[in-house]
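For clarity, chains are labelled A, B and C in written order, and residue numbers in each chain start from 1.
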Amino acid sequence: MSKDQILNVQGLIAYYKLRKGDVRAVDDVNLFLWPNEIVGIAGESGCGKTTLIKVLYGLVEPPLSMLSGQVLIDVNGEEIHLYKNTYEVKQLWWKHFSYIPQSSMGVLNPVIKIEDQFGEIFMRGDKNPPKKEIRKIVEKSLDALGLPSEVLRSYPHQLSGGMRQRVVISMATILNPRIVYADEPTTALDVVVQRGILQIMSKLQRDLGNTFVIVTHDMGVQHQITDRMVVMYAGKISEIGGTDDIFKKPLHPYTALLIESLPRLGDKSERKSIKGSPPNLLNPPKGCRFHPRCPYATSECAEKNPSLLEIKNRRYASCFHPLGQ
Amino acid sequence: MRVKLSKRVLKESLYALKSLITGDIRLLLGLVIFMAYAVLAFVVSRFIPFSPKRWGVVPRDIPPCWNYPLGTTSMGQDLFWILTLALQNSIIIGIVVASVSTFVGVVVGLLAGYKGGYLDRILTTLTDTFIAVPSLPILIMLTALFLGRIHILMLSAVLCVFNWPWPAKQARSMMLSLRERTFIETAVFSGTGTVGVILGEVMPLIAPWILANFTNTVLVAIATEAGLATIGVSSLEEATLGTMIYWALQYQAMFRGHWWWIAVPAGTIVILFFSLFLVSTAISSIFSLERSAK
Amino acid sequence: MRPIIKYAASRLVSYLLTIFIGITLCFIFPRFVPIDPVTTILSRTTQTGAFMEPEAFRAMRETLLETFGLKGSLQEQYFNFLRRAFTGDFGPSLSAYPSKVNDIIARSLPWTLGLLFSVSLISWVFGNLIGLLAGYYKDRKISKTLELFAMVIYPIPYYVMALILIFVFIFWLPLFPLMGAHAIGFKPSLSLEFLLTVLRHSFLPALSIVIVNLGWWILSMRALSTRISEEDFVRFAIVKGLRTRVILVRYYMRNALLPQITQLAMTLGNIFNGAILTEYLFAYPGIGAMLWWAVSSADVNLMMGIVTLSIIAVSTSALLIDLIYPLIDPRIRYGSK
């Protein structure tokens, strides 16, 4: 892992082991994270994004099984192998990296007041900060997210969906973790609220200076707040690069088609959807997984699997014929 | 319409059988045990070699042995044969009570859930009250007045009074959740009347739940009758699982060391109820799994 | 506060209705008996060979007619019946003449209440505790064994369990006494000796109800606990790295207890039914045994008194529990925004 990276993933393989076979949700993934950036993980539903996040977090429960590869995290200058010291993972949770789950509707305990739920987060062991201090920290965080302090004395059912999502975001950032994973943070919300949440998250990241990982299939959201993008397809990474670069000149055919399917102001031409559908991860196609749907596929693509290579400066793609090269 | 209804009910039942064969062990075990008892009750009982109500047919108070596999009573009756008869009567009571109360309960519940409004509120209040009223004291008082000579059918009728609320409650809550589903609206908009909608669209879906409920009610009915009999207010001339216990207590079977007279009905109840319970829980869990898979 | 008031009001209405319908059933049922109940009882009394003056006979007939509300027109009958039930006037006991029914009930009620409260409490608390842990560790062998155990125990009727216990502990290994609530010759007092003998005598009756009840609570709580383990907020709690103890208490227990409290209210009637038969089998001098006594001696006044009381007692306990519930569930206490 190079010096300034805070997360480094090499050759990660994780399958769901089912009776009918293995679902190859994360199949040989390499990526890395730097401090102080917002990274988006993009791709269609079912491409393995959520599974990838779970594995990066250390949340591997049957039938999910981590088969090989390594996940290295920088914790206070020390390089930790996530899957070598299993007993330590729980200690790292929330303090060093946190996770905002997909739907905020039911993630808060309905019978405990919000302030007590915050209190639980701080009860980490023997040395707990005093109550007054906790209260100050929490109030500051809520304020930054635009929530009134009455929220603390409320129960979850008394808050609206947007408020709940912001409470969850606050909880996820309150211990100031270096990495915050957010899984489809805005999908359940309506468009206006969505924009507000994204702006809040963006500002939060700037203030805290940590790394946000936003998982979403919504390319519009990716364009709006991410600095860098990781595009996934069928359990593998197809492209990594700066968001603006990718949108201006995508390297992987899949990425290009994804971007093209987005509606754009002023562009009245018909939106094209990608023909076909994502492959079944139980039995993915041989060779490049995208080749059955790729308009530029050649016989080479049907035979061999392209690996993720650095094509240009800091831009990676797994394709034998990257666009414009 | 009728054809469609019976086709769907048939399909559901066939699915149930398939699940049985593909092996939910609870269902299998429960049904096997229950079938064994049913055979005892209805088939073996045909072969009773003497009139069931006669006393002094066999030597009294003999513990289980080769000749009398379950022993004999102080009245000179062979426990094995009495058991087959008692099983027959108890199971019949159970099934009759369960059939009537489940039918009434489901009708009430479905109507209340479907129509809503005033009717729903009245029926629900009625249902909840009947659930809340402690049934046993009232049953005891009523049957006591018959001085132990209550007719089996009358007894069954009485038991029905307190057993219809449970299926009603369940049927109503299921109807409430189904009412919103589009296929109901489709049926209504295409002109099907209330009865048609209920029978054709709703029933096939809730049939397994009704079945689970039915099984449970059989259990409860048999248990209640046996409880009433133990205390001496059932129809004491007939042989049921409960009256067996009653007579055993009357003749101080426990204290005179004739443990088999109590052990046989008590043990039968335990095993029989366990099997019924297995069946009803298995049915509900099989079909709730199917539900969530949908 | 408004949601609570609505809730309390509707519960109160159900409560009154339950009592009303229950008592009405007591009124209606005797009419379905083929032989006129008054005649039945009169003939029973004379059967036992007791000689009665014609005066006394007629007086008894009058009392019986009153008890069953058979005097006057149907409306009058019903009205009188209700009046008597609500004012608690049940008249003299026919079998223990001239003791008043209310006195007899007052003497035996404390025993039943003591039994019921202790039994309900013990089995609810322990059953839920065990079930909670069984659901949390749902894949472990002990959890599955407990589930099986509960499934075997739960369908057993209370009186059958009582018979089993009688067999094992009184007949086979005579460890416990059979009759009564205390050794003969003791006057009820608060002395340690008295308490000990009460405990010894009530142990088996209580145990028979507790075991079966425990089965039910373990089973239902385990199922509830398992369902809670799949809730989003529990998953999120795990992801947050919260300590196990916090999760068990604040996420599992706090959410599981609420429905279990409602359940308790619903099963009270059930436990009461079980207590009646258990008291009979153990000759425990509560109102269950009194009911049997009333039945076997055709003492209808006592019967009516006990039955009416049971209806009121069970409904009231359920009402109290239902009224406590909203104070604990924040969703009802503070309605939705």
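In the analysis below, a residue touches a chain if its C-beta (ideal position, glycine included) is under 8 Å from a C-beta of that chain, and two chains touch if they have at least 3 such contacts.
Just so you know, these numbers come straight off a predicted model, no measurement behind them.
> Comparing centres built from CA atoms, which chain ends up most distant from chain B?
Measuring from the centre of chain B, the most distant chain centre belongs to A.
> Please give the pair of chains with the highest number of C-beta contact pairs.
Looking at every pair of chains, the most contacts join B-C.
> Between chain B and chain C, what is the gap in Å from one C-alpha centre to the other?
Inter-chain centre distance comes to 23 Å.
> Hey, how far is the Cα centre of chain A from the one of chain B, in Å?
Chain centres of chain A and chain B, defined by C-alpha means, are spaced 55 Å apart.
> List the residues on chain C that touch chain B in their complex, please.
Going by the criterion above, the answer is residues 14, 17-18, 21-22, 25-26, 29-30, 32-34, 37, 40, 44, 151-152, 154-157, 159-160, 163-164, 166-167, 170-171, 266, 269, 272-273, 276-277, 280-281, 291-292, 295-296, 298, 303-304, 306-307, 310-311, 314-315, 318.
> Of all residues in chain A, which touch chain C in the complex?
Within the complex, chain A touches chain C at residues 57, 59, 90-95, 98-99, 101, 103, 105-113, 116, 120-121, 123, 154-155, 157-160, 171.
> Residues of chain B touching chain C in their complex?
Those residues of chain B that touch chain C are 125-126, 128-138, 140-142, 144-147, 161, 219, 223, 226-227, 230-233, 245, 254-255, 259, 262-263, 266, 269-270, 273-274, 276-278, 281.
> Chain A touches which residues of chain C in the complex?
231-233, 235-237, 239-243, 246, 250-251, 254-255, 258, 329-331, 334, 336-337
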